[in-house]
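Note that the chains are named A, B, C and D in the order they appear, and that numbering of residues resets to 1 at the start of each chain.
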Amino acid sequence: MVSRSRFSRPRRHLLRSALLAALAIPALAGAAVAAPRTDLVLGMPVEPPGLDPTSAAPTVIGQVVWQNVFEGLTRVDRDGKVQPQLARSWTVSPDGLTYTFALQAGVKFHNGEAFDANTAKFALDAIRAPGSVNPQKALYAVIADVKAPDSGTLVLTLSKPSGNLLFWLGLPAAVMVEPKSRDGLKSNPVGTGPFRFASWRKGDRVELTRSPDHWDAARKVHLDKVTFRFIGDPQAAAAALRAGDVDAYPLLPAPELYGAFQKDKAFTAVPGLTEMKVVAGMNNAAKPFSDKRVRQALMMAVDRKLLIEGAYSGYGAAIGSHYTPNDPGYKDLTGVYPYDPQKAKALLAEAGYGKGLTFTFKSPQMAYATRTAEILQAMFAEVGVTMTIAPTEFPAKWVQEVMRDRSFDMTVIAHAEPLDIAIYANDPYYFGYKNPAFNTVVATAAEATDEATRLKLYGEAQGILAEDVPALFLFVLPKLSVWKAKLTGFWKNEPVPSNDLTEVRWTE
Amino acid sequence: MRALVLRPRRGFRLDDATLLVGAVLTALLVGVALLSLVWTPEDPARMRILQKLRGPLVSGLLGTDHLGRDLASMLMRGAFNSLTIAFAAVGLGAVLGTLAGVAAAAGPRFDAVLMRVCDALFALPPILSAIMLGALLGPGAPTAIIAIGVFMIPVFARVTRGAAMQIWAREYIMAARMAGKGTVRITLEHVLPNIAGQIIVQVTIQLAMAILTEAGLSFLGLGLPPPAPTWGRMLAESQTYLTQAPHLALAPGLAIAAAVLGLNLLGDGLAARLDPRRRQAS
Amino acid sequence: MLAIRNLSIAFPGPDGPVRVVDGVSLEVARGESLGIVGESGSGKSMLSLATIGLLPRSARTSGEIRLEGRNILGMSERALCGVRGRRIGMIFQEPMTALNPAMTAGQQIAEGIRLHRAAGRAEARAEALRLLDRVRIPDPARRIDSYPHEMSGGQRQRVGIAIALALKPDLLIADEPTTALDVTVQKEILDILDELVADLGLSLILISHDLGVIARSTDRTLVMCRGRAVEQGTTEAVLRQPTAAYTRDLIAALPRRARAGLGAAAPLAAGDAR
Amino acid sequence: MLRHLARRAAGFAVTFLLISVLVFGMMEIVPGDPASAMLGTSATPETLAALRAQMGLDAPAVIRYLRWLGGLLSGDLGVSTTYGVPVGALILERLAVTLPLTGLAVLLAVGIALPLGVTAASRPGGVADGVATLYAQAGIAVPNFWIGLLLIMTVALGLGWLPAGGFPGWGDGPGPALRALLLPALALAIPQSAVLTRVTRASVVEVMNEDFVRTARAKGASVSRALWRHAVPNALVPVITMLGLQISFLIGGAVLVENVFTLPGMGRLAWQALAQRDLIVIQNVVMVFATVVIVVNLGVDLLYTVVDPRLRRRA
């Protein structure tokens, strides 16, 4: 038994200082010598219900795997432009009906299978097959036939010309997959991208590791390991960022927390824009919204600036039609029906609702949706319109009641698909909006191979919607991204819902 | 399950204090709730978005919320909404639960069936089942009431059954039976009055739980739909403003705490007053 | 051995303190057995609790209780723990509730031993076995490991006695030990008590409302009524020539044959002046 | 003894069956199906029909119920429609978070409630009693997800002692995993311990008046020994009853705390599965939850016999 006296006062003091010194050394050494980190922890508000973008719609799937694990024939870059990828180059026949692609050589899937024209044919045929559950199947219906004359060339013949086909082929829904791993992609994604799928602890995180033999030497990747952590609660997300557990959070769901990060030196926080157009869809097929004047009146009852301030703390941009400022050919049509309660009341009276109008609003349970609903409710009350809010469980119940059964008066949702103005030509669709003139404009625009005419036509389409108001065009959701100051390479805007990590790296 | 009772310390004094404080707090609560029907400083639904997130006394007594609505008015109207949901839910739970419990104690045949149903109800995860009910019946006060009330039935059933069984075993019940009274009359005249104390304790405790469950439901987007404010939803929505505007979370939180405290103290005071056995104990 | 002088015990009541014991004095010599008799509520139990310092916290006491010269009332809690069990053993009235339902008889007896003596578990258990035999419990080897609810009232009271005897105390206080038992078992318990007093030379205070029990096995008797000691003397004297009216009433309440058996005084003719 | 257990087992089987019918029925009539949940805003009737067929949803309900029940009994719980992985593995993964979390929460709750309740009962009206009553009243009144938030703000962010959420998994040893579970467990434990304190206090005060406690004192046992060795063991029955009720609530009701601390537990799995209408997962989660509750009830009964020998012969 050690007697107390052995640790006399001076000896104990010596012992304590030695201990302190021992602790200090590693800390000092750490800072000076370490090379920039090669691992990244990314925070995401929602966990994807699977990792196969070709078999499910939620954009969060593409935000994990697109351009990281999977690649397409073409890709959309950070400015929304189409760039070559697995298709090195392509030629389009004068009548715009035949596309011949020259494919990259020596490309392998993560499971060792080779990528060639036959695999590309398999992937495109899978999307267009009758039993296919590809969420964007309609976009590729224009492809009549796919042929692979030799392993390096792919020939597509279209039923009618399409100006946007190359853009559609760059979307997450059209990434290249191969037959062997096709059925297991949902929980074990196999692609040709710079990162390989490592593990997925459901409800918590997905881990990707750098693929050593990636074909595209030009786009060298700077990260060895990427972890996507799913943090739903905004307050927990902010806490994880501040505690350093998470390095970047590309889509912070709570705008009210964003201001603090903008002021914080340790973080870069520059708001961009997404493709998510928040529109209050109305059931144009039934009273009272079958009457255009009622729709126009309600549009004038909405003060978009105040709505954005209330619903998203002022971040995001007002829109006058189903088009975002990011997209080429955008026209600012917020002036068509500006905020004018008096005129709105007059128009309502003219439409026969002078004594008042009542309808129900099916509000999905996302934060932006419930807040928008409450603000619209107050704004409509100012013009004598009573709106009862029916919170509706999202996605299942809302999709069934609004999209399939179309039993709703008004609702609100953010449409995330890029360049999707054509949905107002869909029949059947939840708007119940039938305007042949609009349909022809959009159809001709789709077939216009020449850029200038296509953008002019899209401009016309925006004008028709702005004037006809099949839905109240409110605002575009911002991309409130936050990352540690020592990180660069993230996209500012989100022309395609994604987190392309190929250019992301630590500066020191 | 033994009733949760605060043992009286020195005979009367503590019971009276608990009862008094509990009664005052609850009366205050009910008073504010009723007053809100007639008058509130501002219209709880009126939004002044440009004056959003103002601190207490800067704009209105308790400041404004994230949409510029007056917090004090919302709290008052919220008191009414939260209380009505809580009282209705507990009413549902207590009545059905007590019926089941008493029936189970009276008739062994009922006992097996009812207890199996209670076990089944008990084994369902509360929050999950509330969401299912919400999706099934659609949002609104009735759904919240049913979602909260249904899960109280097993609790009341268990408490009443336990207490009623003790009473059935007493001699004076044999005497009543000798006098030819039927099971129903015995239950009404002898069993219920004797277990009233324990039921009342459970009622006040479950009232407190109901208010908290409504907060949980609102957190999941299920409680009473907008624009009717409830304490639960105010608490849920204040969550992301905790650092910026803590008063948003503090106001409903303290209101819930006061209500729960008042109800619990009232329950304990009543239980001590009603149950002679407890009052005399040294 | 034990001397109580002018002991009063009062409890705070709704309107002022209520005196439960009022100026009682008594003495018990070594080896002597004193009976205390009185109706329930006459303060006899409070008296016994005071002697081992177990009165409820709200009780206010005055006077002295001297055990071999040391005043119990002034003692610290730690000192009292030393006295209880080692110097004074206590047997209670209700065998049904006096034993811990979650501990075996052996454990409860052994605990008494190991509280005061640094005895090992095995040694204490052997001692407990011997004590159980001493109080003549049938089949002690099995009874040592059975729980209170597995034993009859009489057996439990025997365990109670064994517990009180564990450390060979100088004074044994038995507070209505036989009241809750049926007559046949009463006799066995009282025989055991007599035997113990005789063999171990213990002093005994036997408290009961039943004169028969007091008459049978006590040297001297104290009669209590509403907290006051109304009469004190040898048991024969108290029975044959009761001086206090209350004692006579007590005797009168005995059935005639029992009274004769005890040689107690004949009751006065009806209509006597009280 | 065996007959008794057999009867109880039969009772559980009936409850089990009742729950399976209840939850399957509920899921059948709840609006919205997995296909529409999966396809979101770009759901066209054609793709919806294809997905429904792929998920085997077009078989009649009774067949699907029997197929599921058969699978349940033979241990094959089926494959999750959202994750495409066997449900069994998914649930095990989540139990590896929820069970330790609940266990830790119960330990903390008992760790707080027992000492507080017992000391309060030892001196009714004393300081400890005041503290215990105040804590009990306040603890019940504050929702657990709110306490969770405050803990994150103060301990995780303010002091930086513990992680602010997330779960590192048991891969790299129990250390980091337990650190991640400490704050959420505390958030769950505080309201539960408040209720438990009240029950403990009431029960111990009741037992302190029993005669055998006085016998113990008469043997020379000190106040604390009489309290802890004699009174408390006999006061545990109602405490255990309340604990049994609370454990079942903790397992199913922790979804809010799991959400605030982003823990991949059973609560969030159930919540996500319901949002995605992943029928197979929901049905199995509810069955697993029911099993755990039944096992807990069995445990509580066994614990009764350990604590109170009088119940031993009957059980």
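In the analysis below, a contact is a pair of C-beta atoms (placed from the backbone, for glycine too) under 8 Å apart; a residue touches a chain by one contact, two chains touch by 3 or more.
These numbers come from a predicted model, not from an experiment.
Visitor: If each hop has to land on a touching chain, what is the smallest number of hops from chain B to chain D?
Guide: 1
Visitor: Of the chains present, which has its C-alpha mean closest to the combined C-alpha mean?
Guide: It is chain D that sits nearest the middle.
Visitor: Among the chains, which one keeps its Cα centre farthest from the Cα centre of chain D?
Guide: C
Visitor: How many angstrom between the C-alpha centroids of chain C and chain B?
Guide: Between these chains, centre-to-centre, one finds 52 Å.
Visitor: Rounded to the nearest whole Å, what is the centre-to-centre distance of chain A and chain D, using the mean of the C-alpha atoms as each centre?
Guide: 37
Visitor: Based only on mean CA positions, could you tell me how far chain A sits from chain C in angstrom?
Guide: Here the centre of chain C sits 87 Å away from the centre of chain A.
Visitor: Two or more other chains in contact with one residue: find those residues in chain A.
Guide: Residue numbers touching two or more other chains: 233, 235, 393, 396-397.
Visitor: Among the residues of chain D, which are close enough to touch at least two other chains?
Guide: Each of 30-32, 149, 153, 259 in chain D touches at least two other chains.
Visitor: Considering the complex alone, what residue numbers of chain A touch chain B?
Guide: So the residues of chain A in touch with chain B come to 233-235, 238, 254, 256-257, 260, 306, 309-310, 365, 370-371, 373-375, 377-378, 381, 388-393, 396-397.
Visitor: Give the list of chain D residues in touch with chain C in this complex.
Guide: Those in contact with chain C are residues 210-212, 214-223, 225, 229-230, 233-234, 307-310.
Visitor: Which part of chain B faces chain D closely enough to touch in the complex?
Guide: By the definition above, chain B touches chain D via 1-2, 4-7, 9-10, 14, 112, 116-117, 119-120, 122-129, 131-132, 135-136, 155, 205, 208, 212, 215-216, 219-220, 235, 239, 242-243, 249, 253, 256-261, 264-265, 281-282.
Visitor: Can you name the residues of chain D that touch chain B in the complex?
Guide: Touch residues, chain D against chain B: 11, 14-15, 18-19, 22-23, 26-27, 29-32, 121, 124-125, 129, 133, 137-138, 140-143, 145-146, 149, 153, 195, 198-199, 201-203, 205-206, 209, 238, 241-242, 245, 248-249, 251-253, 255-256, 259, 267, 270-271, 274, 282, 285-286, 289-290, 293-294, 297.
Visitor: Which positions of chain C touch chain D when the two form their complex?
Guide: Against chain D, chain C makes touches at 52, 54, 77-78, 81-86, 89-90, 92, 94, 97-103, 111-112, 115-116, 147, 149, 160, 163-164, 166.
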